[in-house]
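What follows is chain A paired twice: with chain B in the first complex and chain C in the second.
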Partner chain A sequence: MLAYVIQRVAQSALVLLVVGLVAFSMFRFVGDPIDNMLGQERTQADIDRLRVVLGLDQPFVVQYYKFLESAVQGNFGVSYRQGRPVSEILMERAPATLELAAVSGFLAISLGIALGVFTAIRRNGFAANAIMSVSLIGVSLPTFLIGILLIYLFSVELGWLPSFGRGETVKIGGWSTGFLTESGLKALILPSITLGLYQMTLIMRLVRSEMLEVLRQDYIRFARARGLKERAVNFHHALKNTLVPVITVTGLQLGSIIAFAIITETVFQWPGVGLLFINAIQFVDIPVMAAYLMLISVMFVGINLIVDLLYFAIDPRLRADRTGGH
Partner chain B sequence: MADTSLPEVPVKDPSRLQLALQSDFFYQFKRSPVAVVSFVVVSILILSAIFAPLIAPHDPFDPSSLNLMNGFSAPMTPNAFTGETFWLGTDDQGRDVFSTILYGMRISLFVGAAAVAFAMVLGITLGLLAGYVGGWTETIIMRVADVQLTFPAILVAMLIFGIAKGVTPVEYRDQMAIWVLIIAIGLSDWVQFARVVRGATLVEKNKEYVQAARLIGRTSPAIMLRHILPNVLSPVLVIATISLALAIIAEATLSFLGVGAPPTQPSLGTLIRIGQGFLFSGEWWILLFPAVTLLTLALGVNLLGDWLRDALNPRLR
Partner chain C sequence: MKTTTLLSAAVLLSSTALVSAETLNWARAGDALTLDPHAQNEGPTHTVRHQMYEPLIIRDTTGAFEPALATEWAPKEGDPNVWVFKLREGVTFHGGEAFTAEDVVFSFERAKQPNSDMKELIGSITEVRAVDDFTIEMVTDGPNPILPSNLTNLFIMDKGWAEANNTTNVQDFEGGEITYATTNANGTGPYVLTSREPDVKTVMTKNENYWGIDQFPLEVTEIVYTPIQNAATRVAALLSGEVNFLQDMPVQDLERVNASEGLVVKQAPQNRVIFFGMNQGPDDIEADNVDGKNPLADVRVRKAMSMAMNRDAIKQIVMRGQSQPAGMIAPPFVNGWTAEMDAESVTDIEGAKALMAEAGYPDGFTIRLDCPNDRYINDEAICQAAVGMLSQIGVNVNLDAKPKAQHFPLITDGKTDFYMLGWGVPTYDSEYVFNFLVHTRESDIGTWNGTGFSDADLDAKIKSLASNTDLEARNADIASIWRTVQDEALYIPLHHQVLNWGMGEGVGIDVDPEDQPKVKYMTMN
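Our next item is the complex of A and B:
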């Protein structure tokens, strides 16, 4: 067990080091930072001085180490475009993305599980079949088209909901929240549906197929034979046993929600980290791109590590395999 | 003594076309209405993209053929100023939407197909190497694949696009954008191919024909390419079809976000991005028709891929 944990942690650390190297090389090879920082009227002396100050005269490995050191401390340099520290901009944008991701994640999980159970129990019913067909279309519609469709329907035609922005936000400490105002909540509805829809269909299909699998097992038949109520069998016996794979996939999907937030945020001009990243790509704002790359990698690698370790802890069969096999 | 043998009747070998028409594969195809319909639809779209310069009533890239007075003509209604009628209307600059869709589809399909081809070559090569050579080569290739799989493909493509954009000098960025896009989408998609090819190679390499080839002294590259590769191709074909649908959508998404095809070479995604700007002012046709084309294309290719997967998998028959 311990060996496996150490191996997985070491692997994750290695991945992060490589990602760090990519982010660092972006700084090194994409444009000269000296050019970016000094104006037209510079002398060779200025250039040399700044080169020493920035540590650019030192060997590659030393520079890389220093880059990692400051990145770990949350210092990613100054945005080329906005002239402010990247960490400051990120902190300012993070609440918007996290709130959006939280609401869509909640929608995806609750509706996904509910619909999955429903379609599994009423396998041949009309409603269940209709939901399955609609979900097929939902999977093949690209996210941005879903967003546009919702905007057209609810903002342009019906005029019920805002089509862009976060509405009014309230500042609590350093965190600006849209949960406390009416316009903030209204503004959340369309983006979170757009973002959560794909994940919802995914969870729904997974729960459905797992449920169908479990409902065929002997212990379910036995529970029915004991005269337990249908409800108790479905929810107590069946649903519980489908949850392990569902939790794994949901965990892994958390990262995707943040990544796909880039698309949703662009469609709805939602002032979050994803929109920041897209603008950074358009304007080749390297410090912001590098910081986003590092952050998202830490998140993905972290989620994967946790899910793997949890899986290992939950499922005893995996443990037996590992220790027996090697 | 009389010759008792029958007169020789020349028997023609069945031609390749006849063989194909009699094949099991074609029989399966005929029996599936979904496959036939999506094949026809996709073929029409691909052909009209290829022959866009012949079909399109206007050349959207030729400024001299544009008349600003034609701007914002609604579909099928004569323009108030010039009296010209456009099937699918025009955009703000008087460009015929039907023509821009044909040309846009050309770019979308080209980028999608080229990206899949690139991913396929890369994935097959690495998959064959990993499966046949094994050892360290395999460990490194499959580790990289595992790591890449943890990131969503669209994010990987965005990052590669961003980095490449930073590396290319400003004056070449628009020209290079299409190629960068192809490489970015291709690199984000090779893992599927590598995994499948490696898995199939592991099975094939222990079969007798491979051992025989080795015994007669064929080199490893020859064995991999001439003996193993043809036997692992059918799952690759399925993945390639489904990847094409994904690549088309990925390209559209990137272009929609403004990090893909440049405005000088608008793909379907770019057209949708442009159309979104007119959503509120009521010019719905600028957005709707490119979006419907994109959906039809992606859905058609997807359904075709689904059918192919079932048809080539003998276990499902």
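Our next item is the complex of A and C:
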């Protein structure tokens, strides 16, 4: 058991290091930050001086090493664009992204499961077919288009909801929340629908097909034969058994909700880490890009590690394999 | 009696309510990079600072000088190397500190530090000294007749405040130094910083103690400034009324906004001209398919390429009417610009073909064009149009469009032979254009001249402009330098950009050619 855990953790650390290395090797193709940092009146001497100051004259491996060295001490450097510590900026931006991801995730899971069950039970009904057809839109339309369509309809034409930003936020400790004000809650609606729509349709389709599978099983037939109420059969016996794969997929999707918030945040000018990353790319703000990419990869690697370890705990076959039983 | 008091009280209340309700919800594509007065020399950053900080002299909405913290300025009698500035008396900073000569001396010294981004603009100043509390003398390394034009974005901060907050140095990236001044401001300007979240929202409120409170409209009582990057979202915010003042309007949405009730778009030519540069210096270049020769070194080829450009078509189709075809690489209203030279570019495909044949390229050649795709209005689309136009005279162009962060280093590192560039002239004088785009490229001059053009006589003439106090002779020199630039077809001018500001009907302000709205001039009704 311990050997397995150590092996997985070591593998995860290796993945992180490689992600960082690849990221650093690509930064110079994004452009030259010096050009954005100095005005058009700068001289060659200014350029050379700043390049040395920032360590950009060093090979990327050296730059990467220096980044790692200070990163393990919790120092992600200073943003080239804002001139403030990256960790401070990330902390400031994280609540916006996490709140958006939480609301989108909640919408996706609750509506996804409810609609999935509904479309499975009434699978020949008109409403279920309509929902299934509409859900194709969620899967196939790109996020930015959905966002712009929602803005056009609900902000420009109807004027009900704000088209950009987070509304008024309340600061609780270091956390700024939009949950406590009316404008903050209103501002959450459109972005969270935009971000959660894809995941919602995914979960709905997954629940539906799992449900259809389960409903065909013998024990459901026996449950019905016992004269149990339809509701008890559907929700107590059937749904419960569909949830295992749903939970696995949802866990992994949670990571992508945070990572893919980039597009939604850009469309709605949502002040989260995704928007920060887009700004950083345009400005070639290497410290911010590096910190963001490392953060996202830590998150993904972390989730995968937890899932792996959970499998290990749940599935006895994995343990048998490790001890070389065969 | 009692009723009248009540009535007048009610009237008073309602009128104050009306006055206090004037919030300007202002959006544009980008945020100020920092509030530090001297750390960045960049348009949007200056624009935000202008509301809170003030320079000695500002430009009003027409581009003319207007006294700000200085009331008068003139070269010192008997000493052409010294400018004398009389400072405004009775001005206080937002924190209550009195404004005196000491603050000006401090601010100029700070702006000359190596980390300052403003130091090149005041490079000719060797000393700034206070004669008394409200008189300043600036000593330059030679006579500098156009010094005031370089000071309109040079903001004055309070010495005591800077010292108290440990921010006497311009932000330094080396030590990862974070200064108080990057997110806080204490100027003398018409608006006071209330809150700032970089890239999210900046709120400013009217400075009730502003020295010019009776001279300017100052009808906006609160400014809420929000950067909105996505063009569609930005326009949606204006259409839905969440924003009542918008810069960086996408040209494709102008008609839509103009047609909407309660919204107007105002326009003016911008202080920016768009053109192509050609590397004519070396004997052979990388980006073409001609071996051993550089077709761009031949003035006939350069002229032919310029003649192939149909600037009206670019204006009508690519820019949707939002450009002004250009014949020289200086914006109108810059000293040295003439209507005649700006009309010199003509489209003549047959003539261009003849010139190409005469130069020995009857079948043309192939070349790579480097173009930015996120810097100027429709930059990539303009380049695509140029590709089609140049193919008519046999010049096959391979277009390479990249983000600005990758494009501009190509020009400054001399890695492109054919490129697009745009140029604004903050000093409103041709010398600025010559210094950066015409003078032979050296480490501290001609830095943006990617043409490889070099002419010692012309260089000497350009350098002499800096200290020529005889304005008539100086203007004659400027005209003759322009003549050479035009005759040599050093660049292919395309057009002057047009600025569009979208606003609610109640908002009154003229479009400023520098794209720097100063809210104190704005009226609201």
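One rule holds in what follows: the second predicted complex is superposed on the first by the 256 of 326 C-alpha atoms of A that agree within 3 Å, B and C clash if a C-alpha of one lies under 4 Å from a C-alpha of the other, contacts with A are read in each partner's own complex, and residues count from 1 in each chain.
To be clear about the criterion, contacts are C-beta pairs under 8 Å (C-beta built on N, C-alpha and C of every residue); 3 or more make two chains touch, one makes a residue touch a chain.
None of the values given here were measured: they were computed from a predicted structure.
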(request) Name the contact category of A:Leu185: first (chain B only), second (chain C only), both, or neither. (result) neither
(request) Answer with first, second, both or neither: which of chain B and chain C does A:Asn304 touch in the superposed model? (result) first
(request) Please indicate which partner A:Gln82 is in contact with in the superposed arrangement: first for chain B, second for chain C, both, or neither. (result) second
(request) Using the superposition described at the top, list the residues of chain A that contact chain B and also contact chain C. (result) 29-31, 148, 151-152, 156, 163, 266-267, 278, 282, 284
(message) Quick check: in the complex, which residue numbers of chain A touch chain C?
(response) 29-45, 47, 49-50, 53-54, 75, 77-78, 80-85, 89, 92, 148, 151-152, 155-156, 159, 162-166, 266-269, 271, 275-276, 278-279, 282-284
(message) Show me the residue ranges of chain B that touch chain A in the complex, using the header's touch definition.
(response) 143, 147, 150-152, 154-155, 158-159, 161-163, 165-167, 249, 252-253, 256-259, 272, 276, 279-280, 284, 287, 291, 294-295, 298-299, 302
(request) Note which residues of chain A are touching chain B in the complex, please. (result) 11, 15, 22, 26, 29-31, 140-145, 148, 151-152, 156, 163, 252, 255-256, 259-260, 262-263, 266-267, 277-278, 280-282, 284, 286, 289, 293, 296-297, 300-301, 304
(message) If we count contacts the way the header does, which residues on chain C are in touch with chain A in the complex?
(response) 33-34, 36, 39-42, 114, 117, 120-121, 171, 173-174, 176-179, 182-183, 197-201, 226-230, 232-233, 236-237, 239-242, 374, 402-406, 408-409, 412, 436, 443-444, 447-448
